[in-house]
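Listed after this line are the structures, all set down as structure tokens.
Both of the next two complexes hold subunit A, though its partner changes from subunit B to subunit C.
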Partner chain A sequence: MEFQTRKEANATIVTITGRLDAVTTPDYETRVRALIAGGDKCLIMDFAQLDYISSAGLRGLLVTAKLLKASGGAIRFANVGGNVKSVFDMSGFVSMFPIDDSVAIAIGALA
Partner chain B sequence: MAGESAEAFELTILNTVEGLQEASAGAEAWLEQQGCDAECGMLVSLGIEELVTNCIKYGYDDAGQHFIGLRIEIVAGMLTLEIRDDGHAFDPLQVPPPDLTLSLEERPIGGLGLHLLREMADAMSYERRNGHNVVTLGKAIAGRTG
Partner chain C sequence: MIKVEHLSKTFGPVTVLKDITVEINRGEVVAIIGPSGTGKSTFLRCLNLLEMPSSGSIHVNGVDILDRKTDVAKIRQKMNMVFQSFNLFSHLSALDNLTLGPVRLLGMSRAEARSRGMEFLRMVGLAEKWRHFPDELSGGQKQRVAIARCLAMNPDVILFDEPTSALDPTTVSEVLAVIRRLTSEGMTIAIVTHEMAFARDVANRVLYMDQGLIYEEGTPQQIFENPQKERTKAFIDRVRSFSYRISSPDYDLYAMNAEIEAFCQKQILPIHTRQTLLLLIEELLQIYPPYLGSAVLDLTIAHSEKKASLEVMVESTGAPANPLESGEQPDDMGLSIIRNLSDRIEYSRVGNKNRLTVLMKRM
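And then the complex of A and B:
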């Protein structure tokens, strides 16, 4: 799992590459908690390079969303496809979170 | 490889994170050789991760080493994943499904793993056999590229 961030407008774009599973999610959580503790409030999760997500990954995302909600922030997802989209569908995440076709659209929605 | 004969992958791992990684990598490589479709690959990856993780976390009272057995088989267009462990008797089919209509604030953290497997598999069964939990997941293979 690789975790990269960049800022655009008032959003922080988090690009996750590889797998969000039982092995990698603790590392993801540590990094995302640091971002939120550092004051980032609007996160866009770019999943174009995410190959695989399990319930451990979903758990990490839920923790992220709850933390942001509590701090008055927001989370959006972009480029959710393939197996990851199937898991989002089955877990009801598609109806719980805003999901956009691209990072640009997500940035526009947060502006 | 003869097309008619049963093809199987078998592995025994320890109840550790390293064991889980070994199982995932081994199963993935084997499935690639078999030319399975992405959905079958996903079911196996998730099946191994969710069931082995549950077993490591909740299966045992002691901190000792335990063995978890895996078997993947492809017979007549049907993929079967079987996972055996000697932990506490635990029937995953008895776990009630999560409420997917809850809002973000109300959603409990966790409880989605077994739900994903039940949704994704065409068949799921449980048996307590000689002091072992045996969970079996099955899925019809959509198309084979190899």
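And then the complex of A and C:
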């Protein structure tokens, strides 16, 4: 799992590459907690490069959403496709979180 | 094209082939399947005269190839063979492996042989490796060079003797893709293989060999979906399985995944099916951490080619309890994914173990 961030407009784009599973999610959580503790409040999770997610990864995303909510922030997901989209569908994530077709749309929605 | 009558082969007191009578027609793709040790490879080697039959006859295009006056080298050139173990010349580059036969046996000029050799290497996707020696190539690449070498001899028939058996599972598909291409181009092929899905897919006719005989033959549909004889049914219905034991909460998920992927590749399961299986297994194993400190888990994946089904069974030691109903999961997400990926989930207590059997949905 690779975790990369960049700032665009008022948002922080978090690009996750590879897998979010029982092995990699603890590392993801550590990094995202540091990000939020550092003051980032609007996160856009770009999943264009995410190949695989399991319920362990979904729990990591839930933790992210809760932390952001507590700090008055927001989270949006972009480029959710393939297997990742299937898991989002199965778990009901699609109805719980805003999902956009692209990072640009997500940025626009946060503006 | 090839007519075999009452062929038998004995090695000392052992009779390997009893009484083989079969015809292979031009342009046919004949898959030869069956348990190990039933004479499949010996049969191919007899066709190519790498083994001399003990009795019977083989006619190729009307010529009796067992006649002493027959030019055996010519027969082998027209009925070329691809071996399990590649049999490349290790001191020659990929291209030189391809040019040796045409120059020495077909009397081709070196320039023409090299030009054609490059064409065949290109056809098997290895043109850029022409300078490489066999030791510098992967198993799959070596086998593709061996196939190209075979084609360079202008054969009328190619005999494949378990061409993927010695390969790493990750390279099986690249070799099968090349063979598949040859079948679609009208080449006459006889292939001994354990890749049942491949045989079913590319063959016009399937010979099921058992006990030194062609025990049953038919179209892929007849043999794989409606075999008539008992031993054929038993062979086709067999289930291939993979087992993995987990005895620590700190088990290596990725090492296990790599082994599961290798198993799936061997079964030629599509990538999407593999990924779904890996997800299902990860979710199932997520249920067990409360038990893993004290229990041992045995994971079994069973693949039935006939039913095209995948079943995952997890057996755990410990007190009787359905792990799915333990209530110890942090939420329902994992269970929800498991249910979505499954057609059937069953819990049973077998001996001193809790057994969870999950039939994966066809995705």
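The working rule: the second predicted complex is superposed on the first by the 111 of 111 C-alpha atoms of A that agree within 3 Å, B and C clash if a C-alpha of one lies under 4 Å from a C-alpha of the other, contacts with A are read in each partner's own complex, and residues count from 1 in each chain.
Throughout what follows, a residue touches a chain if its C-beta (ideal position, glycine included) is under 8 Å from a C-beta of that chain, and two chains touch if they have at least 3 such contacts.
No experiment lies behind these values; they were computed from the predicted model shown.
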Are subunit B and subunit C a fit on subunit A, or do they clash, once the structures share the same frame? clash
Superposed model, subunit A: greater residue contact from subunit B or subunit C: B
Report for A:V63: first if it touches subunit B alone, second if subunit C alone, otherwise both or neither. first
Applying the touch criterion given at the start, work out whether A:I99 contacts subunit B, subunit C, both or neither, answering first, second, both or neither. neither
Have a look at where A:N83 lands relative to subunit B and subunit C in the superposition and call it first, second, both or neither. both
Once chain A of both complexes is superposed, is A:S54 in touch with subunit B (first), subunit C (second), both, or neither? both
Can you list the residues of subunit A that touch subunit B in one structure and subunit C in the other? 21-23, 52, 54-56, 58-59, 83, 87, 90-92
Please give the residue numbers of subunit A that touch subunit B in the complex, ascending. 21-23, 52, 54-56, 58-59, 62-63, 65-66, 69, 82-83, 86-87, 90-92, 95-97
Please output the residues of subunit B touching subunit A within their complex, sorted ascending. 17, 20-21, 38-39, 42, 45-46, 49-50, 53, 100-101, 103-105, 107, 109-113, 115-116, 119-120
Quick one: which bits of subunit C touch subunit A in the complex? Just the residue numbers, please. 253-254, 272, 275-276, 278-279, 282-283, 285-286, 330-331, 333-334, 336-337, 340-341
Subunit A residues touching subunit C - in the complex, by the definition given at the top: 21-23, 52, 54-56, 58-59, 83, 87, 90-92
